[in-house]
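Chain lettering (A, B, C and D) follows the sequence in which the chains are written, and residue indices restart at 1 in each chain.
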Amino acid sequence: MIIITRPDISDAELDHIRERVESAGLHTHLSRGEHRTIIGCIGDEARLAEIPLRSLPGVESVVPVLKPYKRASREFSVDRTVVAIGDRARIGGNAITVIAGPCSVENREMLLETAMAVRGAGATILRGGAFKPRSSPYSFQGLGREALRLLAEVRHASGLPVVTEVLDTRDVDLVAEHADMLQVGARNMQNFALLAELGRVQRPILLKRGLSATITELLMAHGNTDVVLCERGIRTFERATRNTLDVSAIPVLKRETHLPVIVDPSHAGGDAELVAPLAFAGIAAGADGLIIEVHPEPESALSDGDQSLAPPAFVALMARLGAFAAAAGRTMAAPVRDAELAGTAA
Amino acid sequence: MIIITRPDISDAELDHIRERVESAGLHTHLSRGEHRTIIGCIGDEARLAEIPLRSLPGVESVVPVLKPYKRASREFSVDRTVVAIGDRARIGGNAITVIAGPCSVENREMLLETAMAVRGAGATILRGGAFKPRSSPYSFQGLGREALRLLAEVRHASGLPVVTEVLDTRDVDLVAEHADMLQVGARNMQNFALLAELGRVQRPILLKRGLSATITELLMAHGNTDVVLCERGIRTFERATRNTLDVSAIPVLKRETHLPVIVDPSHAGGDAELVAPLAFAGIAAGADGLIIEVHPEPESALSDGDQSLAPPAFVALMARLGAFAAAAGRTMAAPVRDAELAGTAA
Amino acid sequence: MIIITRPDISDAELDHIRERVESAGLHTHLSRGEHRTIIGCIGDEARLAEIPLRSLPGVESVVPVLKPYKRASREFSVDRTVVAIGDRARIGGNAITVIAGPCSVENREMLLETAMAVRGAGATILRGGAFKPRSSPYSFQGLGREALRLLAEVRHASGLPVVTEVLDTRDVDLVAEHADMLQVGARNMQNFALLAELGRVQRPILLKRGLSATITELLMAHGNTDVVLCERGIRTFERATRNTLDVSAIPVLKRETHLPVIVDPSHAGGDAELVAPLAFAGIAAGADGLIIEVHPEPESALSDGDQSLAPPAFVALMARLGAFAAAAGRTMAAPVRDAELAGTAA
Amino acid sequence: MIIITRPDISDAELDHIRERVESAGLHTHLSRGEHRTIIGCIGDEARLAEIPLRSLPGVESVVPVLKPYKRASREFSVDRTVVAIGDRARIGGNAITVIAGPCSVENREMLLETAMAVRGAGATILRGGAFKPRSSPYSFQGLGREALRLLAEVRHASGLPVVTEVLDTRDVDLVAEHADMLQVGARNMQNFALLAELGRVQRPILLKRGLSATITELLMAHGNTDVVLCERGIRTFERATRNTLDVSAIPVLKRETHLPVIVDPSHAGGDAELVAPLAFAGIAAGADGLIIEVHPEPESALSDGDQSLAPPAFVALMARLGAFAAAAGRTMAAPVRDAELAGTAA
């Protein structure tokens, strides 16, 4: 931590600042310039986090030296983390992983049909909402417990591991029983009560960036190592798209963290026509995977129909994705083979 | 709802759109212009909310005619709502109400000292955090249950009703037992699981605007009538202040809703020096009250010390506030009198 | 300037960074922490501005110690600047100054009628657009030279000094002949070719904050001392209002600079109903004045009719403004008296 | 245009609105719903642009039906425009065009060296700043006229057509004499005085999106057909990168306009390390080209050194770009061949 003092600081104020810092167990180091005196604080910066340094008389500003995120930092882990999702899929490493499925689980037929379609096209993880966060309390909130049962059933039938969102601390155990990966949605990125509950269950987490969360806040948000980060668009002044995909966040995150980073082109653009170009851009920028909404009949979807792809559009996207993955020096994650599936079913 | 179609729409596409709308129980009404055909949808717009109209072939854009918020709308209630907080305070009506107290409840002494100081200066409601939402999981998370007990004790001693935040659905009953008003923080503005739980208990709600929530989203967020809305700054590109107080939201909200609107100048600016000017600006723009962080010794505060006022600064602010209230044609809410307090204690 | 280095920096890289800084005439000062080495750069920071320090190997980040704005800084001038506009008006000091008039000068009658109306209500400076910056090239661009002639004529008739915008370097001399104060619009805040031309003519400048300019950029934008800064709303995600009035910018600017600061509530809200509450909020937050659009018949205005006040609404606003000024410990600027006017005309 | 009226509108108000619309030569068409009456305005919407409809009594909101941009719209031109830059380069069509060169022209040697390096790597147009827009008046402003002379000289030597920015209406003719394409920078996107001057000279324009300009505003900004649009990042709350590349703008622009669209990954990220991933993302999203800053020795650059690539890094980027272009179904623009060059020199 570096403390920049005001030009008119008194010696007593300077001493008081140093005492506060030193009482937290750090050393201080003065550097007097022509206009300002700078106080370098040497030691464990985290101990200063709770001291309101800016409120001390004579302080003009405070500059952290170390990154405030620890476990997500590349200094914490030199090797990039590969997160296993069930025993048939992974996110991270050299292969590009695609998660696909409906926004909401509406019934058994549509879920199974979608699962088989996305698996056929190369997706290796199934998504499907049981509990839905909505922008209006009047909207469809998901089938809940019944949807979890259907997800487990279709997981078995398709061999695809399943990711679904958990919204409420009371549902964590229930959801963890039925899903291979638990999603923390954009609105809950800093819901530490929920994140703490998730820390108890042994499931990897898909952590979506908050609508107005900085990259630093995303990196600070979790304490787990089995986390996949997801860029899904931020809110800006531009309204031609639902959100603004912050494609630059991908290379920045890949530089800062050892965790895998995927992109959600469905929510970012909010428009089915934009899913493919945003998916390609995400992979070109270095993402490790995608999460895409697919619905057998988007215009009848109970939620997010405007941004869902029908299976043929998803197949077309996947057919083109390999070339972008190859251009990025990546492969596509190997699909689940029926043989494997039969093996586990036996 | 008005549907604007693409210039090249076919008759079959037009018919299909009309069928979808009419199958939801509305009537349609065509208006053919030189370049576009417009479809007016007459009837209950809410029934269209779940149909992904933009995904229908031939649709260019969809324009809602009615406000998407119902219960908050001034059309729902002609009279402005006055919310009672316990039996000694109100928010709404002609008087300006000030809520004040520490960011976090740290111990009995500091809470009581602060309560007496803010009451002496004219605040009529006490705030104090028991469960703290933080931007980092490494930060102080509040004293929890113990803080609730202290709030109840100081409520009795000071005669001030109490507002505190609830973060987790599992804590709603517990918090409702100890507090007169429950705060839903900015990060939970659209946490409908939490809001649904709050609908069960008979307590007024202080609903803070999300960091990147639009005014419309704030108005859509709740289904209760005993709600006080709070503007507390939004996230913008400007970083000279922690957030950007959207002072224009105050007159817009007062025009759109019957609910009371207050301002949080402490979180908006994130800087003790900015609290007074932002408080005055909020009242001048038409707010019904303020919520302000006060700490006996801000530089020792366990949270938000940078933006907390010491009691003398709060007294000075209150001394000047009356003139702004008067300029706005308002009075200051009558303080809790000891006589009243003795009466209830008897 | 403080340079924070990467954890893995080599000695050669460290030496190279120091050489680059010292070659610019500054001294360096090392501070080795547990994880990072910090290089303090002591001397004239401006000399480092052109060196791309972040591109030097081993540099993680660069933190300026001094404010990048010099002439606007309060360290440059201890006393607050009062800017004289012609010989009958001032901005700055204890009095609140109101500038009012039409968005565009449309003809002689409307300009004179508006001038007399706003003068009668207490405005002491007349605004009126001759050259209009528009968001579309298809919109009304202003009467240009003819409008300048009308402004000069009405200035004489009303005794009100005149402010008008200049858009093009080629027009600076012409506009300076006809106006007492030259406005640099939000879109030109960083148009240094235009600002350089304005530096040549002896006229005070009204510098409007750019739509996406930070407070720091506003303070860096000018090299003159006779400048009045104007907060007029920034662009954010919120679209209920045309722009978001950054009311916090007022106290921040008053702390950082000796220059006067005014508010434009007409452009900030883009809505006639919002002008009064935003004007009051601006004064409550500490602004030195206002600039308000007034039109004899807003619904017939050739530009900005939606946000213009009719004279009765402006009179009503001014009638209430004094109480807010008094609450802020300010007076209203003394009006131009006919006696003075006659005196100068004689 | 559709006018949505207030629920309590009177018949007289309704009549008055219709009269105003009809007096502009349009027809009106009423549609009475349960809660609101809607007025459809049929005819030339542009005629309504100057009427402040929102200020008419009884109007709640106004919804345009047609896109406000005309010449840029795909309805204006079914075929995509290909813009010729000098006689050796084009932007648009199936090939990807790369513009590269230094931020500022610093001297003859560095310009020639850079031109030869970028040409060797496959760039077909040279960029170089003569007049520099800066965020501070204290920064290097460019060599001006001397830089134009050097650009012309190196254009001849390298065979690369040249693009350079023009900032001031007084410089338009001068710059047009020396350059093949004139750049309008982000700060001047809505400088209609400058754009009008550019309309006089026969040169294609590179129009950069303003820092806070919407896609719609970008499309409205020009009246010319020989325009190339450039996405270069917008300002958002995220500060990990200088700007936020709005990669979604690329497919949206390609859908809305017939004009070519390129990406500036250097300004978007403001960081040399981000140039390649953002360049690849831009091409993957459908851009027609790139503009990239290259400097022989970035750490000595007089401007933008932090984001400039050294020639080897540019060569590496270009070596990988072809695979992304191919994945997008595109080719790379054919390089200038020495034979052609010799031919013209002869």
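Quick note on the criterion: a residue touches a chain if its C-beta (ideal position, glycine included) is under 8 Å from a C-beta of that chain, and two chains touch if they have at least 3 such contacts.
Everything numeric in this text was worked out from a predicted model, so none of it was measured.
Chains that touch both chain B and chain D: A, C. Using the average of C-alpha coordinates as each chain's centre, C ends up farthest from chain A.
Each chain gets one centre point, the mean of its Cα atoms, and the points for chain A and chain C are 41 Å apart. Centroids of chain B and chain C (each the mean of its C-alpha atoms) stand 32 Å apart. Spacing of chain C relative to chain D, judged by their CA centroids, is 28 angstrom. Taken residue by residue, chain D touches two or more other chains at 212, 235-237, 239, whereas all remaining positions touch fewer. For chain D in complex with chain A, the touching residues are 212, 214-216, 234, 236-241, 244-252, 255, 268-269, 273-274, 277-278, 280-286, 320, 323-324, 326-328.
Within the complex formed with chain A, the chain B residues making contact are 20, 46, 49-56, 68, 131, 133-141, 167-170, 187-188, 190-193, 195-196, 211-212, 217, 220-223, 235, 271-272, 298-299, 301-306, 308. Taken in their complex, chain A has these residues touching chain C: 2, 4, 7, 29, 31-36, 38, 40, 42-44, 63, 65-66, 75, 235-237, 239.
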